[in-house]
Amino acid sequence: MKKPNWNLVLGCALLLIVIAACLLSFFYLPYPPNVMDNAHAYLQPGQAAGHLLGTDQYGRDILSRIMVGSRTVLLIGFVSVSGGAVCGCVLGASAAMIKGIYGSIVMRAIEGLMAFPGTLLALMLVAVVGRGQWGAILAIGIYTIAPFARLVYTLILESESLLCIKAARSFGTGPLRLLSHYYLPVLLPRLLTQFSASVGSAIMTEAALSFLGLGVQPPNASWGLMLSEAKQYALLYPYLAVAPGAAIFMAVLGFHLLSDGLNDILITRRSEQ
Amino acid sequence: MSEGRKLVSIRGLTVSSAHRVLIKSLDLDIAQGELLGIAGESGSGKTMLMRTLLNIPPEDVHFKADALQMFGADCLHLSDTDWRRTVGNHIGFVPQNTMFYLHPMLRIRQQIADSYVSHRKGTLRQGLARAEALLREVGFDDPERVLNSYAWELSGGMRQRVNIAMALMNSPELLIADEPTTALDCAIQRQIMDLFMKISRDTGIAVVMISHDLGMLQQYSRRTLVMYAGRMVESGSTETLFCTPAHPYTRALMGVIPSLSLQAGQRLAEIPGYVPDSGRETDACIFAPRCPYAGAECSTALQEQDLGGGHSCLCAKPGIGGHDHG
Amino acid sequence: MAEILLQGQELVKQFPVQKAPFTGRVLKNFTAVDGVSLELYRGETLGIVGESGSGKSTTGEILGGLQQPTGGRVLYKGKDIRTLSRQEYREFRRNVQYVFQDPKGSMNASERIENILAEPLLTLQIEPDAQKRTERAREMCSLVGLEESVLRKFPGELSGGQCQRVAIARALISEPEIVVCDEAVSALDVSVQAQILNLLNDLQKRLQVSYLFISHDISVVNYMADRIAVMLHGKIIEQGSPEAVLQNPRNAYTRQLLDCSFAKKANHEL
């Protein structure tokens, strides 16, 4: 009778494919992803047995590169967002509870960070921090701090006027216990939702960075890099761009749908009680 | 008992959700122009009854009834839209939460005529003219100012008056007030109740007051029903009911109110236990577990007892324990 | 001569309602509490009655140290609470507890009842041993008339009346000298109200607690209090024993409150 949660279902389905590809890549790859084989270059998908998605301009198997690329993409996505989330939560919580001048400075800094579009900020940071995988992780991590800090900050300020917090203060509950026992249970669903959405954005930004040559460097595989390499041949061999593009699409959409789906179960239902 | 034709006639209403029965076998008549009070605590089912009448039940709740006649229409066989139209044209509703109806971001004039326009096909201008007249009737000296205000600019008492005016827009025959005064201060409560009485006197509208405040019902209603755990346990004229309550629950309810003449140090009469959430589908008496007079006959199927003069009681031993209480 | 436990002297509380746009200088204030002086003696129940906006809840919170007054001072056993040392302040906190109007809202919805009950023992550093805390929680549970099965449940699973019993148990678990009941029975049904009021009285006899009983319902305050203070617009307009204030009200507003309330009570008491 209740409508099934299509966001959650679809999101999970898409992510399952991506994660399955990633996990599988550790045990089995159709072909070594970086080995060039000019004899078999430019094969269309399905044209030759074994190359399900065809080969690129250097004869490398596209499917294998996609699978290996998923490792990089998921690694960058999770590590950067985790780091940014932890920093953001600490900053936001401390600003909300300590308040005063510290709180003002922190929140103005966060708002300053939010003023920049994510990709632009990432570009600037990479110029400072350096290219490559870890540069991308650091850059994306830094700009992920802002949404988490804001979320935690506003939620704690909102909750402060709740009766249970007033009651807790009346029997001497200190700020650390308030955080761990009172605020955290309320924060957790929202943090999960934000995490999922942020991973989606992180993947998008990583693809952009790699496309511009500032992220993962060749010969390593990254979906953004594959797109970049494919752009020269886009008119002649469109399939070169379709595979990585579709992979990015599935991953980003999957994480955002998961975020919406989680939002529906965890938050909307709770507020209806 | 009937002061006119029956506006609403319900027989055998049973309302249940997915897991449990909420209201069981309820009969209800509302006659034209009468002042009816429905008394009950939380969990008595009075809110669910009201929502069923207005056809706005919660999502997983459904009902069945032997008969459900409203304003001459057989609602059991009406489509949802037709039922809604009947309700909109004939019933005015005054909610407990004074902000319930009022959109906080619109001025009063932008919302007060909504129902009028959608049900009556009158123009917006006619609607606003009527609104102004009604606001004057409910006691505002300056209706223009009220029309131009936002809901949050008005006090609780003023908002309730606006709700009453809104409820009267479609010239309803029945006004249902759900705990209309609970959220208001004492003096304002009296003003609002006097307003209801004035409206009923002037226009002949039937007023149904749902409340847990027995004192208020005693003063303002002419007939009272008492609900407990989804059943109507007693009904009768207010005078009879309050002078000679027959059901043990009614008597217990009157006894638990701390009266001003009570000596400090005297214990308040208590009803032990809690209102049961489950087990309402039983045919036996649902109050028996908490009743000081319960006996063997209380666990058999109950019949409604007619005590004469419109006074009836759902009890195997009506009037037991005498008529003094508290 | 009974000991004065808690005293408020010329308490004032103002909230800024209008600030200058750039400098933030306060232009207009709303005075919630306007020069209130009260004493609470050991073992008594002081009732504060007033309508919404009268400042009674704010007064209750100031007296218990939950809010800072803009003016005036609060004395606990003769000492200004702002001058208390850390140790003394903890004593103060331990001895002044609250029961609020919204039973479920005053509890952490994600914790079980046994943890909620035992929390003051932990945060006020009364009982460091977890086992003993659970024991105390169990004792308090039966003291307020609840079954042990309630301990494993969450607040959302209990009724309003049951939750308020838990709130009372939690307030009493630190063995305070004073409990501030801020509209503690206003959100409850009449039949449950009677149970809770009887419980509060029983506990007072047993544990010698003082109550600061705040309510808008004059008949409830009349029943519970040894002395009554009537508040209007942040001031105490009348104070005295229930008989004095209610039988012979000197102030027109008190008379109005009584008329309202009396008229509403079932006339069968006549």
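Quick notes on this one:
As written, the chain order gives the labels A, B and C, with residue 1 at the start of each chain.
The criterion applied here is as follows: contacts are C-beta pairs under 8 Å (C-beta built on N, C-alpha and C of every residue); 3 or more make two chains touch, one makes a residue touch a chain.
Everything quoted here is computed from the prediction, not taken from an experiment.
Chain centres computed from CA atoms place B at the largest separation from subunit A. Inter-chain contacts peak for the pair B-C, counting C-beta pairs in contact. Between the CA-based centres of subunit A and subunit B the separation comes to 54 Å, rounded to the whole angstrom. Here the spacing of subunit A and subunit C, counted between their Cα centres, is 49 Å. Mean C-alpha positions place subunit B and subunit C at a centre distance of 33 Å. Not a single residue position of subunit B touches two or more of the other chains.
Against subunit C, in their complex, subunit B makes its touches with residues 41-42, 185-187, 189-190, 212-216, 218-219, 242-243, 252-254, 256-262, 264, 267-271, 274-275, 325-326. Remark: subunit C residues 64, 66, 90, 93-94, 96-98, 100, 102, 105-111, 119-120, 123-124, 156, 170, 174 touch subunit A in the complex.
Those residues of subunit A that touch subunit C in the complex are listed here as 162-164, 166-174, 177, 181-182, 185-186, 273.
Across the interface of their complex, subunit B is touched by residues 51-52, 159-162, 189-195, 197-198, 201, 216, 218-220, 222-226, 242, 246, 256-258, 260-269 of subunit C.
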